[in-house]
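One chain, subunit A, links the two complexes that follow: it is found with subunit B in the first and with subunit C in the second.
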Partner chain A sequence: MLLLFLVFRILPVIGAALLSLTDYRLSGRWTFIALDNYTRLLTDSLFHQALGVTLTYTVIFVPLTVLLSLGTAVLLHQVVWRRGFFRGVFFLPYVTSIVLAAVIWKWIYDVQDGLLNAVLGLVSIGPVDFLGESNLVLPSIAVTSAWKGFGYSMLILLSGLQAVPRSYLEAAMIDGAGAWQRFRYIVLPQLRPVLFFVLVIETIGAFQVFDAMYVMTGGGPVRSSYSLVYFLYDSGFKYFDFGYASAIGLVLFAIVLIVSLVQRRLVGRED
Partner chain B sequence: MKPTLQSTVRRIAAPLTALVLAAALGSCGDNSGGGSSSETKSITLWMYPVIGDQAASDTYWQKVEKDFEAANSGIDLKLEMQPWANRDEKIAAAFAGKKGPDVVLMIPDQLPQYVNNGSLEPVDDVVAQDKDKFLPAAIPGLTVDGKVYAAPIYHTVTSTMFNKTILTKAGIGKPPETWDEIKAAAPKIKAAGFSTLDYSASPEASLNLNFYPLLWQAGGKVFADDGKTVAFNQAPGLEALTFLKTLWDEGAIPKTALTNGNVVADQPFGKGQVAMAMTSTPADAGTVAKTWGAANVEVGTPLTGKKQVGFGLPGGLAVNAASENVDAAKKFLSFMIQPAQLEDLSKASGFYTPRTDVKAPVTDPAVAKFADALQYAVPGEPNAAARQVMSLLSAEIQAALTGKKTPQQALDDAAEQANDLLSRQR
Partner chain C sequence: MVNLLERPRLRDTAPAPRTERRAARLTLPTLLTLTAIVTILPFAAMVVVAFAPPSGQTFPDALNPANFTFGNFQRVLSSSDIPRWTVNSLLYSLVSVVCVLLFAAMAGYAFAKKRFPGREIMFWAFLATLMVPFQATLIPSYILVSRLDWVDSYWGLIVPTLANSQAVFLLRQFISQLPDELFEAAEIDGAPEWRIFTMIVLPLIRPALATLGIFVFLWHWNDFLWPLVIGQSQQMQTLTVGLATLQTQAVPINQVMAGATITVVPSLLVFGLLQRYLTDSIAMSGLKG
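Let's look at the complex of A and B:
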């Protein structure tokens, strides 16, 4: 197992780190350029823009997904009738392809023929260009990604909820604690390790967003949905600048690591 | 029983020996691909849906495989059909790993970057004998730095196409052929409840099929003559983008243009919501004819701004420089540029033959009208950074259309980024 992890995880990272110190291109010709790719990143306006887009998307997507997952998990926890069926229904989007989901949501958001605009039209709103307006495009994509992915976190949170000792809740009820108080002071603290895991997983997912943007907007309008991974992809496979792309990948890795450590300190700390 | 040193060595040595033998046998197998003349050489072709109809495509390429192998015993041709989407990414990844196909279809603006990287083998010797039998743009379009890097097998052309029903509803008798006529028609078409011109402003859409033809019609160029800087931010570029912006502001271009790709069936034009498209292909004509009815499809000539220009290019077969069977690959190219193959390909694909001595019979009148546009076809501007420059410019065109920047600002910003990119090219 350790060998597999070394071969398929650690070695590629080391390879990418070495590649990021070169100007390796398609031909295989390269020269060692030390930290030039990293200093170039600091002054690259495209990088700044992609970083801004990724951070904004993360700020929208993570709370949205975690709240949706938590809310659905709490509801499912209460439901006795056909819980398995509802759990399956909510989990279903997770096992569908993101490309397929993005194509369908692109149609739902369509400014001319979209389902959402048809519904809004019934109450005399719109048409709204969800994917063509810079301030709407990231929330719209975040909704698509949240719809697609919340089932996984929901299942993890549901198992966390089921692990909360019933005796704690019964004791609180006897003491006169209401539903919100029980949730706030018993369930949430008990859920903290699971919540931390979900937060980290969803944050990493948010920082790696690419597919939905690629399919739904191509990074537009005017790079309003041009994420760091999109920038990495373009640098590597459109500009064939593999050294630079590797540097972007490592910077992304560093950002995710720092954010995860901060989350650990804030949410995952031991009481 | 405690294992002895001898038995331990044997337990380790046996599988190691087996591994070494397997590796040796494996390498023998590899050699057979590139190998001696007495053994079968294998060449792989990456082909794309040049023939839109799946059944016709299968029939054509199976016949090519069979005929080529019959004429060249000892060469095994393996065909791998690839999608058009993301083809550069796949080719780049394959070439970067020193793998990939022996032969791959390429168009003019793809070639320079692979030539720069040393990934392609010159094929001057393949086309030398028949060089004067090709259309004027066919060989030059596939030439980089004085060497031919692909053997042309088809020639495309684009032109304007109109939805006659919409024009009739708008009371327009003669389809617009110039920029001024489009501007004049736009209010009437809008009053009839339709958009005038279909356009793809998605950053992933090729500018060869949207902005560049307008730029060329305005008398402009994408790159300066030396190819080291861009020229699209000069007066003709501004004129082209201003024309586009005017249409956008008047609602003559559908708002979905920002996310639309270049696929007619998915576009407002294909859905019958827009009066005209400016870079339609014969295949597009077939597609919309199924939706609107052939009687409602009208094919025009390429648009005229200061000049009348359309887009059309040769598609050619290029040889991977890392191929172990370059000679066999070149034999395949020589086979493919013969009249029999080109005529059949033209019949099956609806594209034109790149040879002047081969004329595929055209039965579809719409396709015949596209032939008139061949004389106005520009095959793009070859540059190693052509595709990268497109993606930089696309984002700025969106900025101009959505009013975030003026057309001149947008073009200047794109030019600054593109020139920086070009300065870093090796």
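Let's look at the complex of A and C:
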């Protein structure tokens, strides 16, 4: 049991750090090359592309999914009618796999037979090649991922909303605050820790994006949806450059770590 | 819960005209219903296309129920390895659920209630592995599995995923809230360690095990990257990987959607049976899939 964790949890972490300092190839032969993999990353245009794509995707995905979760959470909180049912509906995509979401949405976005273009065709727009145009592909994938995952953050935010003390809202109402003012000055500040938690996990998730891109676009068109993890996967399992791929993995780890530290620091200061 | 933001009206202002109030009361439920319809629409479209005749794949032809057929399901089941992939996915998910729960309960119990040398260091090592994204350790894990000659086998697929730090962490938190007196009393009565574990720890943490079990099932059932890397032959792929390859081959969209419909059934079953349980526990613990 302990051995299992040592071998399959702790060893890979140490292994990743060590491997990234070697030129380990498929044959198993390797030499120690110190930081060469990292200096190579700095000048690798593919790495720059993957990093750029991942950042752009994160900037699109995180606000989209947080607004969607917050919006549905507030709606659910306001409307008592059939709440359990609606909560279930919004949570439904979350229990399915991102591969399934990607397969369905790839067809929805299809230029010829896709649902979306059929609908747009009714109002004489399009056809739009959502996954084939480099400036549309990341938003399209972000919509798919947000659809798949917003139910989770929605639940967290909903429980946060329900924890806002009623007396605060009633006091504000007696003072004549409108619905928006109550939301802006009472609910949002009360919700801040929960909101930050959601923000952190969604950002970390966005940096790890891969499945949807693998299924929907294969990284295309012309690598405009080629993420960091996709780059890692290709380096490892297409070019069998294991040392280099481990270095990419460590960069990903560093980014995730920095994001969570920065956001933690921000929350700490706000409190 | 009651409606907090909209419900109470100010006593010192005149009530809004009746029609206006009714409009306000209807806006939010309407908006909610519309959002729900948009959320469900992709699933509905998937099912419709899965049952539509191959020629009528474009809307609105596909919506005509008179043309519905099971042919797509028959064809995709006979032409692909979906039955085999389903078995693989079930094995991957169910074996993992049982082992992860058992291992995590044992480790969680040890970390929560036992004193042993190196406990603190080991627990911190566990916490540290929680911070590392799985993708960062993908390559070393793969090399490890290939050194063990486990690539393209159930061993390689399942065993490395059993060391689930998150599960250990959650159960440790849960077990450390149990009163120490329980365990002291059992020890004074001379109960051997395995009896304390099976007769006291396991029954007391049953609710936590149930929730965690659902999540572990969904994590594995929906997992993609690890099965993709390990299952290299057709026979060793899971449903998610199989579905992804299915749609890159020249399989008609109706059959792809039929396959997709099949893969979603177990998730829906789990969801339908345990929905309330699942949603409540997320709200409480922040468990993430």
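In this section, the second predicted complex is superposed on the first by the 254 of 271 C-alpha atoms of A that agree within 3 Å, B and C clash if a C-alpha of one lies under 4 Å from a C-alpha of the other, contacts with A are read in each partner's own complex, and residues count from 1 in each chain.
The working rule: a residue touches a chain if its C-beta (ideal position, glycine included) is under 8 Å from a C-beta of that chain, and two chains touch if they have at least 3 such contacts.
Note that the structure is predicted; figures quoted are calculated from it, not measured.
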Touching partner for A:Val111 - first (subunit B), second (subunit C), both, neither: first
Which superposed partner A:Tyr239 touches (first subunit B, second subunit C, both, neither): first
First, second, both or neither for A:Val59, with subunit B first and subunit C second: neither
Touched partner set for A:Phe90, first subunit B, second subunit C, both or neither: second
First, second, both or neither for A:Gly219, with subunit B first and subunit C second: first
Which partner reaches more residues of subunit A (counting touched residues only), subunit B or subunit C: C
Subunit B versus subunit C as contact partner of A:Ile125, first or second or both or neither: neither
First (subunit B), second (subunit C), both or neither touched by A:Leu261: neither
Partner chain in contact with A:Val13 - subunit B first, subunit C second, else both or neither: second
Contacts of A:Leu76 with subunit B and subunit C, given as first, second, both or neither: second
Footprint overlap on subunit A, comparing subunit B with subunit C: 106, 113, 214, 218, 237, 242
Subunit A-touching residues of subunit B, taken from the complex the two chains share: 86, 88-89, 92-93, 95-96, 98, 113-114, 116-119, 201-205, 254-256, 258-259, 268, 271, 273, 387-388, 391, 394-396, 398-399, 402, 404, 417, 421, 426
Subunit A partner contacts - residues on subunit C that touch it in the complex: 1-6, 8, 10, 28-29, 31-32, 35-36, 39-40, 42-43, 45-46, 49, 57-60, 103, 106-107, 125-126, 128-129, 131-144, 159-160, 162-163, 165, 168, 218, 221-225, 228-229, 240-241, 243-244, 247-248, 253, 256-257, 260, 263-264, 267-268, 270-271, 275-276, 278-279, 282-284, 286, 288-289
List of subunit A residues in touch with subunit B within their complex: 25-29, 46, 106, 110-113, 129, 131-132, 134, 214, 216-223, 226, 234, 237-240, 242
Subunit A residues within the subunit C interface of the complex: 1-2, 4-5, 7-13, 15-16, 19, 24, 71-72, 75-81, 84, 86-108, 113, 115, 118-119, 147, 152, 155-156, 158-159, 162, 164, 166, 169-170, 173-174, 176, 179, 182-183, 187, 197, 201, 204, 207-208, 210-211, 214-215, 218, 229, 232-233, 236-237, 242, 245-246, 249-250, 252-253, 256-257, 260
